[in-house]
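Letters are used for the chains, namely A, B and C, taken in the order the chains are written, and counting of residues starts over at 1 for each.
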């Protein structure tokens, strides 16, 4: 799967993509257009040129809602849970487009994040930052997506919670979901990445496997602090 | 380029159109009706100007127009009506004592508040107790005074009366009274989000009206105050003056028609002077650095705040000034009516209609507000005859005795609500900037 | 003991029962305002007229039913006319939404623009209603006037004070309970209801979850029209129907919604009762109650009334203004359904 964009302002002909069961991580300095790239892939910004291809199909013209129906799912960076609704209701809303029985997916999410099962009647707004991120990821998983897009899932959580979240993300990928993720914590993220994209000012600066990027001297110096 | 001709002379064309409409009324209905409409158009235009100062200059959503207009009306009564000596004798002490207690209560609350502010648990209770104490004291002195005053010749007076000054004094005083109340309201309510501010001001204006309706010792309440003195001559006096009789003969008009026309023209002249002065002042203000700053604040409050402009203070200032203009217009309206009728203050007519004027005319543009005042008032009055005329024609094929026809003709009176609603909705959709849009100034 | 009972009966008769019934009417009205605010995100000044419109259609239907001799005596005929009122009002509201609000929604107009648009709708509907049914008072109540008469109560209990329960009060309170229960069940236990709450909570995320905004808006207007018709009819049954009164009702309704926390349905209900009871408590003359409770032989020469009855409606405005200034989010921290 590849996606190419050319929104003149922030993104310049950059390409990112991910295959089934893989984790792709987009890193780069602040203002490099990482979040913009994610929004572009999900159809929340109009593309000036380029296309988004999903499962061999061109979805560039589809609205975000329709992309959800095709099997794309997105976890925004901020305000990614329904704060006034309970954890379970959040998950149900994630599965809103499905008409079949959702109990299996619900149990799957609870297995993945056991703490959510405990707190399933609590309003999501009362949870801690890390638990909220779990709800957010859980909600996105409820659509049984083929590709899960995460915009900085570890923003504002403690290092321990971050490691925990990364472990879960690996688990999700093992279930056969493609994961496309933007991360501030470039080093840790690249460690788990099958593929890494370094964006600078909307351009693809480096593209390689996560390990190779970590080994690349230039990338280390410029973006990973040595 | 036809469009550019229209664009260039838009205001002139629209005002001429308005003038033509009024002249048509004069020709087809009567000049007296035309002048009556014209005078009320002028007053409405001033109210619209006041709202435009708040909304167009500063984006303040004040839906309390009615309250300020009523305060202006109250000022006319308090300034111009003769003092009722007897009422002062029997109840003056009670009222003054009550007033003193209110002032003391408010002052002590204000003084004590900073000292107890930190005590989160009991601060409201302390204030509450103070207010209750003050209120009980007030009732003890106030109630007998009020009763005594209201018993003084209730069918004619039953209130304290006014100061017996010329009614023209009431115009600026009405403005000042409204400004004073606006200051207090602004102090507490201007921090609110715009739709909350709207609801708060709507509520406050209702409270003002309820007080005016019920405090008979001050306003005669629903008994109305009739026979306010006039700033212009009376018809009866005119008709007896020799110069006037000659003049009427010269114009070939019956004496009573001529006198009523002249009186209306006199009012119109007075109003035109006021509107000209206000317009000159507000246009000058708009062009001044202050006007520039206000627009900056309106368009981007955060940025203006960051640039060191005191947004709250400027908002308060504009709110007070705009309310003063509305209060003045309220005093003028009561003067024109010659009576003060608290029941007549309805939010539909005194608040929402004025708002429609500003939106239709073009918010942010003074000329627009004035045109909107004229235009909407004209339709408010004329929609009924026009509606009647249309329905009478449409139903002329029906039997004269048909109940449907009768119902429709009866309903024509309500056409104006619908018309104004439709005009507003159409403007918001197709010309959201109004008839005369705000000038883009750099 | 009898004195105490008499005092309680007196309070129930003049304070508690009227408060419950007026409070229910306000609560139903405030729920409509809150739904619009929560989902469509503006203060709907046209809500009073929507209530009036619904009541009007119900009245016209009632007259039609009465003329063909349909009756559910002792209950008022209006109860079986309400469904017609609801359906017509739903259609009318959706028509207004499509022709007026939709345009501004697609342009993502700010809340103040919506508010002004709703003022235009208020004018239009107000005119239409007066055009159809006239500005005067309409009485459409039939059926038995009282469920419990004061005289019967006195005979039954031997107390000096009577307790009466008007049919309209009983109907109002019971209908309100049913409707509110139904609404909460809908919002908390159905897919559509939950999607409405989700949309109200976080519009963006709702879109990302595949919730169809058009459907949410549609359902919201249907609920609003239903609530408005019921509230308007109940108010008209209890007091009387007069188009002008519904415009005046708008402020106490806003007060109820805001006091409870606008956008929060529980808040709207609590707010309705808070406003209703404050109005009554502040303007109730406690003289007789005090006489019953005070020792024998006490004389009271004032009415013991905190505020004159004329100031009844001012109480709600004063509470509204105080709440806006001290705690604009209301009792329940509104914003979302």
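Throughout what follows, contacts are C-beta pairs under 8 Å (C-beta built on N, C-alpha and C of every residue); 3 or more make two chains touch, one makes a residue touch a chain.
Worth saying up front: this structure is predicted, and the values here are computed from it rather than measured.
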Innermost chain, taking as reference the mean of every protein Cα atom displayed: C
Chain of greatest Cα-centre distance to chain A: B
Interchain centroid distance [CA atoms averaged], chain A/chain C, Å: 46
Length of the line joining the C-alpha centres of chain B and chain C, rounded to whole Å: 31
Cα-centroid distance, chain A relative to chain B, in whole angstrom: 58
For the chain B and chain C complex, residues of the former touching the latter: 61, 188-189, 192-196, 198-200, 202-204, 206-207, 210-211, 213-214, 347-348, 352, 355-356, 359, 410-411, 413-422, 424-425, 428-429, 432
Complex interface listing, chain A residues touching chain C: 42, 64-65, 68-69, 73-74, 76, 79-85, 89, 92-94, 96-97, 139, 143
Chain A partner contacts - residues on chain C that touch it in the complex: 191, 194-195, 197-198, 201-202, 204-212, 336-337
In the complex, chain C residues that touch chain B: 42-43, 100, 103-104, 111-113, 115-117, 119-128, 130-132, 134-135, 247, 251, 254-255, 258, 308, 310-311, 313-314, 317-318, 320-321, 324-325, 328
